[in-house]
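Notes to accompany the following structure.
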Amino acid sequence: MRLSGSGVRCVRGGREVFSGLDFAASAGEALAVTGPNGSGKTSLLRLIAGVLTSAGGSIGLEGGEQELTLAEQAHYLGHRDALKPALSVAENLLFWQEFLGGEACDIAESLTAVGLDHATHLPAAFLSAGQRRRLSIARLLAARRPIWLLDEPTNALDTSGQALFAALMTDHLARGGLIIAATHAPLGIAARELRIGISE
Amino acid sequence: MTLIDLANPTRFLTLTARILPWLAAATAILLLVGLYQAAMAPDDYQQGSTVKIMFVHVPNAWLAMFVWGVMSLAALGTLVWRHPLADVAAKAAAPIGAAFTFLALVTGSLWGRPMWGTYWEWDARLTSVLIMFLMYLGLIALWRAVEDPSRAARAAAILTLVGALNLPIIKFSVDWWNTLHQPASVLRMGGPSLDRAFLIPLLVMAVAFSLLFVTLHLAAMRNEILRRRVRRLQMMQAGRRSA
Amino acid sequence: MTALAALIRRDIKIALRVGGGALIGVLFFLTVVVLMPFAVGPDLALLTRLGPAILWLGALLASLLTLDRLFMADHEDGSLDLIVMSRTPLELTCAAKALAHWLAAGLPLILATPVLGLLLNLDATATSAVALTLLAGTPALTFTGMIGAALAVTLHRGGLLLAVLVLPLSIPVLIFGVAASQAAISGPLSFGTPFSILCALSLVSLVIGPFAAAASLRHGLD
């Protein structure tokens, strides 16, 4: 499996954010997208996720499941946690597992893996910012998808949370997964760096 | 026993646990006596036995207003004295008040059926009670809209007081609106010159329903205090260090 | 199918829990209907005549009011991004969301109709006619309103803009809904004709609504 883009151009609000961007990542590999604020890190992830449409160039996936599109094989972990405060922690996770479909993993196991097993039946409204982030990470585990698109994944996580997430990412890569992460802070795993938005 | 003693929720819980059974028993006895007396009361020469709906209707209508008064006091308690149990009292009273108002509406409309020929007439009194019911529902919706009860408390307190100030104005406007449109059809129900045979059962029923309110209100306050404790414990549990 | 069922279950659960908007719609409906007599006077004969129209207007406004949050809430917390990326076609997802909304917010309006009919002095026939036309017509309101809700999300505006976008679209539903109720109550038209058109409007919106909403979401997210 290999995810690649060539000559990708992104226009947001009439302004060109980047153009002629080439990148590639293979199974078992992590790509860390870095660059100053406003350089288009988030936009690039959202382009790959198919939430935004690109203004030029192409993004493609070789290998992987033939019947599914790139977006359907990818997890997107954005700035916002996609959680409903009125639902319990387990209900939130169960919903995404059922809705995203595909190969599923036990809810309780996923929650234990991110250290939220003590809060399973509590409303998500009671969680702190870091715990909310952990719960969104549990979503990546509860429904398996090979490509992880992570936008500042370690934001709001404490040191132990960051170490825990690094271990989860290593595990994902070892299973033949692929990670593209926009980040300011070091990810804590071996990753190839893709710098964007540097003025020539 | 002063308000300060009651300010401690734990003391409130132990105290009400002791009082509640007696209150409930007194309510049940008075209700039975009142209902018996009401059943034994003579028929009205104009309305026949339908007049007996009055014994249930009037206490309900009276409590509909009384409960708003209780909530207004509690609202002052929240805003001015910052009494820790005030918003618990206000929140617990709202659904009970709405239920009494609803019963007043239902009994009023059942009473109206034989008198007016329809279940509903835009009679000034019934209409005022209906508006009051809407205000109760709005207040309950406000309590339900915000998950954190202490945040909802101030908003609800302000709405309660504004409602209390507005109720006379609404009552006056509705009376004016009603007489403007149908001066002749305003029916006098009961009337001030009530016979002793009606008055005594009515008073007994009024006291019984008031006791019923106090009983339900204290029980609901206990539930609300316990619910908040559960909530606090849950938040503590959520805040426990993630491994 | 599991995905759609999960979505419907989740949306209904959220609507019914603390902070949800399902019951506020009914309360709004009740308030609008109660306001009418203060404007037109307490004349029961007049209210009986206006009854179906008042109920229909109230239901129209109430179902529109609650539609505002249909996509907005999911957009604000980032759920919408994941929904767009899902393996379920977005059109079906939109239809499921509208169905959940109708079950949680539209159905209670119909259940409240008999009580409100009592206030407006409608007899049993008239009340059931109005309830039946609402049952047939409110899906059209929800599914066309959904288009407005999707547009509102992509424009980052809600509230009044949604009302301005959607109210003109719901005029045909209003016309045939009230016409069918009036026909059932007093004639002279037969009930079947306007009622069939009302059902047809609902069926058409069932098809158009999800496609238009999905197209609007696909092109408008950023």
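Chains: A, B and C, in written order; residue numbering restarts at 1 for each.
What we mean here is this: contacts are C-beta pairs under 8 Å (C-beta built on N, C-alpha and C of every residue); 3 or more make two chains touch, one makes a residue touch a chain.
Just so it is clear, the structure is predicted and the values come from calculations on it, not from any experiment.
Q: Going by C-alpha centres, which chain is most central here?
A: C
Q: Farthest from chain B by Cα centre, which chain is it? Let me know.
A: Looking at centroid distances, A is the chain farthest away.
Q: Report which interface contains more C-beta contacts, comparing B-C against A-B.
A: When the contacts at B-C and A-B are counted, B-C has more.
Q: Just give me the whole-number Å value for how far the CA centre of chain A lies from that of chain C.
A: 37
Q: Chain B to chain C: how many Å between their CA centres?
A: 33
Q: Can you compute the centre-to-centre distance for chain A and chain B, using the mean CA position of each chain? Integer Å is fine.
A: Result: the chain centres lie 53 Å from each other.
Q: Which chain C residues sit where two or more other chains touch them?
A: Touching at least two other chains: 18-19.
Q: Scan chain A for residues touching two or more other chains and write them down.
A: Residues 85-86.
Q: I need the residues of chain B touching at least two other chains; which ones are they?
A: Expected reply: 147.
Q: Give the list of chain C residues in touch with chain A in this complex.
A: Per the stated touch rule, the residues are 2-3, 5-7, 9-10, 13-14, 17-20, 76-79, 81-88, 219, 221-222.
Q: Spell out the residues on chain A that touch chain C in their complex, using ranges where they run on.
A: Per the touch definition, chain A meets chain C at residues 12, 46, 49-53, 68, 71-72, 74, 76, 78-87, 91, 94-96, 98-102.
Q: Under the definition above, what is the set of chain A residues touching chain B in their complex?
A: Listed in rising order, the residues of chain A that touch chain B are 85-86, 114-116, 118-119, 122-123, 125-128, 130-131, 134, 160-161.
Q: Using the touch rule from the top, collect the residues of chain B that touch chain A in their complex.
A: Residue list for chain B touching chain A: 147, 234-235, 237-240, 242-243.
Q: Show me the residue ranges of chain C that touch chain B in the complex, using the header's touch definition.
A: Per the stated touch rule, the residues are 18-19, 23-24, 27, 30-31, 34, 37-38, 41-44, 47, 118-119, 121.
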